[in-house]
Amino acid sequence: MEPQSRPLDTLNNARHKRVIVDLKNGKQITGELEAFDIHINLVLEDAELRSEGQTEKKMGKLFLRGDTIISIAISE
Amino acid sequence: MEPQSRPLDTLNNARHKRVIVDLKNGKQITGELEAFDIHINLVLEDAELRSEGQTEKKMGKLFLRGDTIISIAISE
Amino acid sequence: MEPQSRPLDTLNNARHKRVIVDLKNGKQITGELEAFDIHINLVLEDAELRSEGQTEKKMGKLFLRGDTIISIAISE
Amino acid sequence: MEPQSRPLDTLNNARHKRVIVDLKNGKQITGELEAFDIHINLVLEDAELRSEGQTEKKMGKLFLRGDTIISIAISE
Amino acid sequence: MEPQSRPLDTLNNARHKRVIVDLKNGKQITGELEAFDIHINLVLEDAELRSEGQTEKKMGKLFLRGDTIISIAISE
Amino acid sequence: MEPQSRPLDTLNNARHKRVIVDLKNGKQITGELEAFDIHINLVLEDAELRSEGQTEKKMGKLFLRGDTIISIAISE
Amino acid sequence: MEPQSRPLDTLNNARHKRVIVDLKNGKQITGELEAFDIHINLVLEDAELRSEGQTEKKMGKLFLRGDTIISIAISE
């Protein structure tokens, strides 16, 4: 059995990977996870606003405030 | 009478078990509980968005921010 | 006159008793109080979602995040 | 001029008195104030849900989470 | 130029004066400021719920939880 | 290049100047900034509720709770 | 591989650059980032309220409270 991991370990392992972030306002943002902190503030590279699986807007480097985030899906 | 337990003990005992998470936005997510912290941030493996008992979307490894969570039902 | 009690004392005395929890989303959950903490995170055993006095869904062991709770009515 | 009082002093003087609590969800609860803490979590005895001056439901001993409370009117 | 004041100094100078409190739920309460704390929890004496400049309900001594307050207008 | 400033420095430099405050409830308040603290609680002198560029109500000395504020525009 | 960065490093590198800030109320503000703090309170110079890619209002020097912010897009 592996040692018990914490949620921030999971985010740390996701650095430089593509993530899909669902926000409380119903929007979805994808991008490469560059940085995060304990408040779950994120920085994404090549961020895109997505709608029904299509890119709606390219947003470049994007700071996301943690308290607007519902979930972060991590590619593996 | 058993020693008094705390809510985080219950989450700790649920590691690697299937849980059903109800979110404040009315969505329901199921998955295997991999990690949690004191803010109730969760990491689920094989997460699925559920709707009326049916899988609506497979989401893989999913970080859930604690303040979006209403309840976590634990299989036994 | 009895010594002045604090709200968490009341929850402590309610352990293993049946409680009725009203949530901010308008739902009502009943169950046996197994655990709580200072954030009013709760764990209920044999939790049930109730609607108009009827059981709508059995939820088993349930972790409830404290900030979703309005009130906890305690049977005596 | 009396010494400067703090809001929690007022709640302390209201112990064992009847209070009327207005909640953020628009509901009104009355009861005898048994306990409170710095988060304004309350415990009421003989709590009643009120609607237009009429008792709508008797709730017995009731824990109210502080962050759901707008105001507490105190009988004198 | 007077020494730089802080917002709580202003509340302190308003003790025993009439204030008009606007709440996040759109309601307006007037009363004499008896007590406050750093959370902006207030106690008002002779509190009245106001609507369009008219007294709608007399509420006596009233504890107001700070996080429900938008603004406090101070008579001079 | 000037030394790096912090947001509260900007508020400090705005003391005794006219500011326009946008609130989360959609209202706009103008006044002279008299005091602020780290929670962005403000005290305005000669505060006015504004609507479409017109004064709607004179509010005199006004305490504004920081968590109701979206933005503070500063005249220079 | 570069050393691991944190979100506030990204904001620090964005000083004196143009940013696009999306707010929780659905509004969009652009301006030059002059200052920020750990709460993500911002000060923008030459701030403008934007709507559908057009300038709707010029706001000059603008303090933005951090908890109203969803995201900050950074030009490079």
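Details
Labels A, B, C, D, E, F and G are assigned to the chains in the order they are written; within every chain, residues are numbered from 1.
Following the convention adopted for this analysis, contacts are C-beta pairs under 8 Å (C-beta built on N, C-alpha and C of every residue); 3 or more make two chains touch, one makes a residue touch a chain.
Treat the numbers as computed from the prediction; the structure is a model and nothing was measured.
Traced through touching neighbours, the fewest hops from chain C to chain F number 3. Centroids built from CA atoms put chain F at 34 Å from chain A. Centroids built from CA atoms put chain G at 19 Å from chain F.
If you average the CA atoms of chain A and of chain E, the two centres end up 42 Å from each other. The set of chain F residues touching two or more other chains comprises 67. Passing around the ring starting with chain C, then chain D, and so on, the chain order reads C, D, E, F, G, A, B. Remark: chain E residues 15, 23, 25, 29, 34-37, 41-43, 47, 59-65, 67-68 touch chain D in the complex. For chain F in complex with chain G, the touching residues are 4-11, 24, 26, 40, 66-67, 69-76.
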